[in-house]
Amino acid sequence: MATVAVTAERENYLNQEYGIRSWLLTTDHKRIALLYLASITFFFFVGGFFALLIRLELLTPAGDLVQADTYNKLFSMHGQVMIFFFLIPSIPAVLGNFLVPLMIGAKDLAFPRINLLSWYLYIIAGTIYVHCIVTGGVDTGWTFYTPFSTAFSNTRVIEAGIAIFIAGFSSILTGLNFVVTIHRMRAPGMTWSRLPLFIWAMYATSIIQLLGTPVLAITLLLVVFERAFNLGIFDPTRGGDPLLFQHLFWFYSHPAVYIMILPAMAVESEVVACFTRKRIFGYNFVAMSSIAIAVFGFLVWAHHMFTAGISLYSALIFSILSYLVAVPSAIKVFNWTATMYKGSISFTTPMLYAFGFIGLFTMGGLTGLFLAALGIDVHVHDTYFVIAHFHYIMVGGAVMGYLGGLHFWWPKISGRMYPEGWGRLAALLVFAGFNLTFFPQFILGYMGMPRRYWQYPPEFQVLNVLSTAGSTILAVGYVLPMIYFLWSMRYGKIANDNPWDAAGLEWKTSSPPPTFNFEEAPEVTWEAYNYDEIPAPAEVPVER
Amino acid sequence: MFDNFPLWPIRASTGAGNVDALFIFLLALSGLMCAAIFVMILVFATKYRRRRGVEAEQIEGSSALEITWSVIPLGIFMVIFAWGAVIYFHERTPPRAASEVYVVAKQWMWKLQHQEGAREINELHVPVGRDVKLIMTSQDVIHSFYVPAFRIKQDVLPGRYTTAWFRATRPGVYHLFCSQYCGTMHSGMIGQVTVMEPAQYEAWLSGGGTAGSLAASGDSLFQQLGCSTCHRSDAQGRGPNLVGLFGHPVHLEDGRTVTADENYIRQCILSPHTNIPSGFKPIMPIFQGLVSEEQLTALVAYIKSLSPPPAGGQGGVSLAPKPQYPKE
Amino acid sequence: MSDSPIAVEQHGPELRHHFVDAEQQRDAASLGMWLFLATEIMFFGGMFLAYLIYRYAYYNEFAAGSRSIDIWLGTINTAVLICSSLTVALGVRAAQMGKRRLLVTLLLITIVLGLVFLGIKGVEWYQKFEEHHVPGTSFNASDLEKPPYSHGEIDQRHEQIYFSLYFAMTGLHALHMIIGVGIFIFLTYYAWKGRYSPKYYTPVEIGGLYWHFVDIVWIYLFPLLYLIDRKPLR
Amino acid sequence: MSEHVMSSKLYYTIWITLMCLTVITAAVSFVDLGPFNTIVALVIATIKALLVVLFFMHVKYTSEKLTKIVIVSAIFWLFLLLALSMADYATRFLS
């Protein structure tokens, strides 16, 4: 590959056309993936900036860095930006968009123009939201709880609600596209049992997006109506039930956690298989556990409401159902671990992220057991224990998965290798910084520090200082990849078509792939993860 | 054992120990799980790291293993569920003879009133060893009453009552937090719970110089609003006799049967026509907007005082006549 | 599903490049529309949940509110929508058989029926504005007649919840109708231009699926909002 | 999907049935059937919806199982939303 002269570069999706127009009007799923990559990276750093301000404010017990109202807006917008504008589109809209057609041997997604529309919806939503931020922001918390959001907040709730409503439709259209593509566009021979586990998990994710997101959409719309037109559906002064909002909201927003974590699991299955050079242990169970998570994920939402005033009996029902969804998650962790047994493991950057993912997801999942236990949840609900728990899942899980996947497929996306040494350093920084940031929050939570507190009693300070210290390391860990990815686009070593010697259709086409993905229409005659048929490289080709 | 452990909140109620016990159990269990997985990963990562000439061994999977590691965790989960549920059940069912404190939350302040009449703001004084039931409502948005030392937390909702209870076990001053985000000064909506020895508590209570018990002020309000003209205690009134009503089932005109709890009484005052007891006419005026939350709590306390708690309470008088409902 | 790059040359202009053949394209479009309708079910489902809970809790007010909206207009509107569904179904049939003129005529009738529905809906809404039955500060439901067997006067607060749901549900349904009319204007234009043939009529078909779905939503909204309790007064 | 071209007679039959059911459901609402008023109204609505889905939307004639799976799962999910929420509301007193 080093012999390939730069001038003889093959035609691919990146160099086929040039100019802004060729990007903004593209229907190529790979280009749309890159459009998403750029836009969600922007929102990731916006949300990250809010997070840093939050951590800096919490350095001291007194509220002294920003005003209380500003602080409330910061954590509200941190949550909304990170969830609706970064995490939910992150892996599906970037890696999924890029990889789903490649992995199943299709020329594109089923509806390329709808795919572009979905990006434009996202951009419209993002623009409205940015406008909301710069003109005053919103202070309802990411949860929009009524009646605070409908009758008491005097910030830009309507604007934020509409932005998230539109972003929801972007997410629905992505999911719809994936389901249709996976059903209708598979290459000859690509049977369901030959699908990469990435596709299985993406399919499960799409189901949640399709069936959950509309409920959030209508809920936010009703909140907007209530503010704008004085309807009274959630209004307690007119006999409305504020818990109804919470039921509707969590019907989406709990499964939304799985929209974020299932794609990360999808990435891990690919990465672990490649860098242990083995078929994933228990393929069927891992595939089915994705579907099980998607279905059971819809049955547990009221475990966010154990202290909210729901009936005792429904609390019992939702608690027991919550434990059901823990089982498929556990199955996945056990299977990844078992895959490493008698493997041939190499420690590339994606694999380091995978190790980190498994460790952090395990801790996040196990603390989920604490929260599903009714008696304990009463004490730790709405404290920093919950904050730590879901950051272990969403940052320790979803973001680690996203970064790992981005490194793993970067050669395919850009045709260049990222600098492996820097990659490993960043992975270690993220892991260390993450734990330092969020582990103290478990203790804080059990000590009783409530979430969304602008000022706090002084006895909580030590742990908060630790957490803030960790967040700065985490920030460095996040900025590094952005720098070296940009650097590698120009200066990185040219990647060959399959730099990791990985199985999977996406590695059988050139890097970067041509516009219609494959020079010749592929026909699949092999099982997924046929690592026994691919000779293992003696050493992983890494640049030091 | 953990009382002096700095990373552990103080345990100051009877329920706190139960929560901590399950927490410690889960901590041990999770620690064990984490350790097992991390050690396995570490061992595999070193033992099977990539070497020249060593190929990975392809293993398809094992259904027996899969079922084992699904069923065993599920079994453990069910134990945790049952344990957690028992604690929760205990937390959510206040003893009937508990003394009551009415809590009205508003942005950003806690207003509390004792059964005996003492009023407090952002402070709650309770004696050691007495069951205290909190009957809470909010004037505006959702708040949440959280005392970490008691391990209790309950959201306080506008438009209805929610309850929580505890029995304090050790004197001291503990945090009271609002744990449901409620606006600008959410983090300022804090207070303290002072647990005192009973003797001190009595002294505190008598030093307050308050105007009679909550039920008594409810009584005078009851006369003042003219409730007593219809709700007479002799079954001759146009409204139901309220003596002995609380805690008993009520047959409604539309066929439902509900238990007369705080929320039922609240709703009957604010919006009487949705819950007409069978045999009565819907003639009571709507009091929504005419009584404040505090007045409402006084009325509820008064109506409850007409039905003394059964055995276990002071005196245990259950001679009060059962509610008399004229039959059609 | 045999695929060869040469096949690209053989298909008509309506087959998009990334599909293997017309059948794959049509199956994809149809599945896509059905999945979209599934999301729509959940979208309206949120409001149905709210409706279910409040109707159970505030039955009297719901009954009284239901009596106050015009059952004649509601029934006529239901009939109008059913007729439009018929014309859509016949339109798809006309497209299947390649009858261009008939297709255009049927699509135009559908659009007219859709607009009639929206017009009648507008009249109903206007009545409610006139009667001060729109939730908000000027809401006044004291003129509502009490349903039989009701217990007492109407609670103005709870009555607002009924009308909130009435406006939210019919409003969002009407929004879907407006979008539907928009889609059908496009379909009519392209049908007139002769784009659809017995080999390629997928847009008519999936546009029709959408229209029928909106009809079905109304089929449920009609009894839920208009027919709660019309029993004669004692 | 259906290549099947259905006879226009069938469409007219379905249409007449739907119109009749509309009149019936409106008329029945004036008759006092106690709690059955609601049940009758919903049963009629469901019959009408089924007629539209099966004939106008061609589901009866489609060879595609997936369409049916999508419909059934959407209804099932709606049922989950309603049923699990009602598990709460049915067991607490709504104020």
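All chains are identified by letter, namely A, B, C and D, in their written order; residue positions are counted from 1 within each chain.
By our rule, a residue touches a chain if its C-beta (ideal position, glycine included) is under 8 Å from a C-beta of that chain, and two chains touch if they have at least 3 such contacts.
Source: prediction; values computed, not measured.
Q: Decide which interface, A-C or B-C, involves more C-beta pairs in contact, and give its chain pair.
A: Of the two interfaces, B-C and A-C, more C-beta pairs touch across A-C.
Q: Among the chains, which one keeps its Cα centre farthest from the Cα centre of chain C?
A: With centres defined by C-alpha atoms, farthest from chain C sits B.
Q: Give the identifier of the chain nearest to the protein's overall CA centre, each chain being represented by its own CA mean.
A: Chain closest to the assembly's C-alpha mean: A.
Q: Please report how many Å separate the Cα centroid of chain B from that of chain D, as a whole number.
A: 42
Q: If you average the Cα atoms of chain A and of chain C to get two centres, how far apart are those centres in Å?
A: About 35 Å separates the centre of chain A from that of chain C.
Q: With chain centres taken as the means of their Cα atoms, state the distance from chain C to chain D in Å.
A: Distance between chain centres: 14 Å.
Q: Chain B: which residues touch two or more other chains?
A: In chain B, residues 159-160, 271 touch at least two other chains, as defined above.
Q: Any chance you could list the residues of chain D touching two or more other chains?
A: Correct list: 66, 73-74, 77, 81, 85, 94.
Q: In chain A, what residues contact two or more other chains?
A: Residues 183, 211, 215, 237, 239-241, 243-244, 247, 251, 309, 312 of chain A touch two or more partner chains.
Q: Could you please specify the touching residues of chain C with respect to chain A in the complex?
A: That would be residues 1-5, 16-19, 24, 27-28, 31-32, 35-36, 38-40, 42-47, 49-50, 53-54, 57-58, 135-137, 155, 157-158, 160-161, 164-165, 167-168, 172 of chain C.
Q: What part of chain A is in contact with chain C in the complex they form?
A: Chain A reaches chain C through residues 106-112, 114, 172, 176-177, 179-181, 183-185, 187-188, 210-215, 217-219, 221-222, 225-226, 229-233, 237-241, 244, 247-248, 251, 516, 520-521.
Q: Could you please specify the touching residues of chain D with respect to chain C in the complex?
A: Chain D residues touching chain C: 1, 5-6, 8, 11-12, 14-15, 18-19, 22-23, 25-26, 29-32, 37-38, 41-42, 44-45, 48-49, 52-53, 55-57, 64, 66-67, 70-71, 73-75, 77-78, 81-82, 85-86, 89, 94.
Q: Help me check something: in the complex, which residues belonging to chain D touch chain A?
A: Per the touch definition, chain D meets chain A at residues 66, 73-74, 77, 80-81, 84-85, 87-88, 91-92, 94.
Q: Chain D touches which residues of chain A in the complex?
A: Per the stated touch rule, the residues are 183, 211, 215, 241, 243-244, 247, 251, 298-299, 301-302, 309-314, 317-318.
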